[in-house]
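See below for the structure under consideration.
Each chain gets a letter, A, B, C, D, E and F, in the order it is written, and its residues are counted from 1.
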């Protein structure tokens, strides 16, 4: 069934999605109703990168990086290459040669549910990768996969043209149809959080900022002055 | 059963326990007879922090950060917030809003057997967290837990008022009743190690510094000059 | 059966093997036909170190560091201490005292399929360790193991005198009998990669650099202009 | 965003898909080009069950089984309930009360990327469950999820009306659009395997049955009579 | 610090706690407000056992079964031996010799956060064990631990004389002070579940049995007839 | 480097090694000084099998079962096929076709640090497999490995002609050079255990059978009548 390469897809405007990188994974994830996050084992190979870009999708056979070679020439400025093996594998599919070639094409980073190698060089060239493992294990070039066909990476469905947001907190998938919502809702959240931050900075606590006290009392929250009061059942 | 909030407990004097942070987890752990260490999956979200403080304990339902909002106003200077979910969960309960609010109250750090997010911001504000995962996954506010009731976090029992020591080597629980012992025994150990370090620096090895040679010979340690001697059974 | 200590073995010339550290784990691993890599869970406790040295091998009982004390005086300039527990254990066998003693003897680093502690101090003294865990858990001195007998560490056989190459990508074992091959093949690879890098830098892609296009077409790779073309079966 | 319940969807004819259960996961998976398999951590709570049915999909909040109560009355004869938590959780969402209620409605089994409990009773009533864990941990009823909306379970996308095939080898998702292909290709495979089995039973080996000898020789396979011949480079 | 052996403690009456075994882990766990469950990696080495008994607690050094020898003569009819290593270890501390000796003393089973071996023989003699691993790795007899001192096993605090309930769903700790509550609340739960079961058997669903419909509607649950209705926003 | 097939090697006499299967993994492992055990994640796909046989070794590329086809015709009565992937992989390399072909040649079982499928059929035909996973994921036939070359499987070195002992407790490697020792030492151990069993059956405990009391007292074991006595420091 494999061996399919779809050359193009509809990409989001890069200026339009740029704020998503700035607002970050945690905020945009909340803005989308807490959906779309890849598994927590997807970690950056170096800290501090923050990106948003259009997903190019690649499936690879276990231990076989053929399709990474196929995808390079199809990438454009602002893309993020999302790679999923067809069965679990942590081999080092991705290294500095790919990083250099993709960076030259303006690719923002790579998200791979497998291994990455040459991590020091990739760090030096400031090419960010989120991966499941760091592993120098090499790969062969024998078996086909697919390019720009929907896949599941680290527990999340990704279609070509979805927007990927990634930073030190992890990797988020924003479906193409929800980009506008992600932008507006994350802006609203940033504004709201700014207001909340001011209240927190003034010493208020979440119980008041979010109006939780009555609700918690109704659920049965009981305060005791100390352990002895609790042992004696003297709530206060 | 949940919904219990105990407001206060006996806290250790901060000046008194400060040396524990300086001596570090490995040393104090040895001083306490190698007890009290949390599991190795508890890792700092940024390197270099070293703290000692009074444990405030919080249990949270899976995917629900209600009780973190409850605990903030109960925290004091020198506290360490210890959080355990009531069943295994790696959601990102803790982020920069909590970090800012707790830091403003003088809290030394957070220890959470679950996920943390906003790790870059937390690093920038120098608020240390030891967690099981970095995960942006958000939480709800529906279900009660307990505050300042004994719990188990990462394999160790923690009571409110126990002293938490944490650094790049992990997280240690010093029971309140053993604080004096921890202080005196760790001081003795530091002094003894200083003496040993001098001997090591002068080129001596542990076999002599710790007087192990005879004991090991009695246990049957045999030396061979090389692999051939070993193959031929010629110990020396 | 344990309690065997073999004092010496044939070591490689340090000047001769120095290029392996410079070329790095990923390159030398490829040069050896993609063999010899330890499991990906072996991670450096601090980033940036790159070493090559002669393996000194040590087996230790679970939770018992006796044999680390035994091995110190047998180490020489350019050695790498490789430690494997006789059953899985992540205790903190190795700390700054050992690091200091070994560094003073010219040892290049430690590779341990178990835990390491005092990681901040080890970083400050620039002594590199690759380990399975960071864990402050202390050990006892009761049970014997072996020194300089072949062992398996993190899935790879290591004999005393094999060359260990380690950097941020992981840990590689070069069998003594293949050191010359590792040197020549990695040099050839570095030269070939330099040529390839020039072509990549000029904008070529791997499909052309490695002559893959015809081979992939023969395997059935099909291109489609976009998702609609694919749905309609119009390859191009 | 959650709280969506879609009551119905197009279901496959049960007689039509029955052969998929008989042919089994491994065979149908091969027939579909080796796609659609859930992760290997999805294991049956008791051995020997083999099912095929129409997927009913349910997302649940961590530690919250609300939506399992919602889905029961929507299930029909021949359905398979597929449950995915919105963040990783192994709580015991599913037990004998649900099993009894679903069995009474003709449901074939449950596939849940979380925990199951009451496993002995479920075994006694012959209700099969494939789960990530067996865990008695109870759940609350506070937070909404979705029913019959596409989800990802154990690494695979599932849409309502996809066909689930499950047995002791694991869990397979057959997309609704590929049911016919799954039926015809698995039948072809069964027939071909029967022919092959006859040849294997007559003592032939795969190298001949699959015509692999020339291809392997071309790839460089070399035979040596024994280890000495190999050491001396005398292939044969 | 170790080397403490406490000979006796207050034990619960065996007839009194017998119903807990019959009601099972899931039911008693619910009756205690969903507290006290050990981690899900604690699995029975053979299926079908169901026990309740008084906890005898044992800590063991990694790879060292000394204290299991110490505890045998202190065990009585109806006890359950709970074993926790002082640092993580999966060695096969427990085998058929221990099983036979304990069974002869009336011990109900062993709970060990480590490895078990001789599992076929233990099954044949019907001695149940819940363990973290099955592993034949042997142990030494060099280092002391403690007997009948509180410990943490698989994430739960256990004191000598707590009641352990274990079956195919896992292992539950009932604190001694809550035994009466566990008995009465689990009986109430069994009775209530019997009533619910009758309603479920008559075809009712949990939404009605537990009165959830209004509450869910208030939380925003929306029904749609099918995917098209949902896409068009036509709830019903 | 791969593509090497060594046809034959020196095999142990099957009658001679048969007692090892009967004595079992735990006993023979002890007899060999507690060495040679594969990792605990190697589990039987069905319980109750107990084998001993001559190791045939096979390395396979990730997701590629080419070499399993190569090895079949080289197998003889009494062999055990040991399979290790060249990088970690859990694909279902081994299924009922291989099982049937090998069983017909008298092969005793398969040990594979990867996945197995068709487990129900393999159970029905009583062909035992010890594997890391049960996973239906299929494999390709593109890349060479080696046959009858030393490898590491599940953490243990295996050479062709080593003896493999496997049962419900796991998998043990007996080096060819130590077969006689394994036979004699395991016989001695069985005899000694029989004597010990008689003493245990008569009610003695290990403290006396193994003469541990004085040694433990010397190490500092202290007995206390109950918790109060311990708290008051009254050992007895």
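We take it that contacts are C-beta pairs under 8 Å (C-beta built on N, C-alpha and C of every residue); 3 or more make two chains touch, one makes a residue touch a chain.
Note that the coordinates shown come from a computational prediction; the quantities given were computed from them, not determined experimentally.
Visitor: Which chain has its C-alpha centre farthest away from the C-alpha centre of subunit F?
Guide: Of all the other chains, the one whose centre lies farthest from subunit F is A.
Visitor: Rounded to the nearest 5 degrees, what is the angle of the rotation that puts subunit B onto subunit C, matching CA atoms?
Guide: In short, 120 degrees.
Visitor: For copies subunit A and subunit D, work out whether under half or over half of the interface numbers are shared, and give different or same accordingly.
Guide: Both copies touch with mostly the same residues.
Visitor: Using Cα averages as centroids, what's the distance between subunit B and subunit E in whole Å?
Guide: 27
Visitor: Based only on mean CA positions, could you tell me how far subunit B sits from subunit D in angstrom?
Guide: Taking the average C-alpha coordinate of subunit B and of subunit D, the gap between them is 42 Å.
Visitor: Where does subunit C touch two or more other chains at once, residue-wise?
Guide: As it turns out, subunit C has residues touching two or more other chains at 34, 37, 40, 86-88, 90, 135, 137, 143.
Visitor: By the document's touch rule, what are all the touching chain pairs in this structure?
Guide: A-B, A-C, A-D, A-F, B-C, B-D, B-E, C-E, C-F, D-E, D-F, E-F
Visitor: Residues of subunit D touching subunit E in their complex?
Guide: Listed in rising order, the residues of subunit D that touch subunit E are 3-9, 66, 68-70, 72-73, 90, 92, 95, 97, 100-101, 104, 115, 117-120, 133-138, 141, 143-144, 148-149, 160.
Visitor: Please name which positions on subunit E make contact with subunit C in the complex.
Guide: Touching subunit C from subunit E are residues 61-64, 86-91, 135, 137, 140, 142-143.
Visitor: Can you name the residues of subunit F that touch subunit E in the complex?
Guide: 24-26, 29-30, 34, 37, 40, 43, 47-48, 167-170, 172, 193, 196-197, 200-201, 203, 205-207, 210, 212, 216, 219-227, 229-230, 236
Visitor: Touching residues of subunit C toward subunit F in the complex: what are they?
Guide: For subunit C paired with subunit F, touching residues are 1-2, 32-35, 37, 39-40, 86-88, 150, 152, 155-157.
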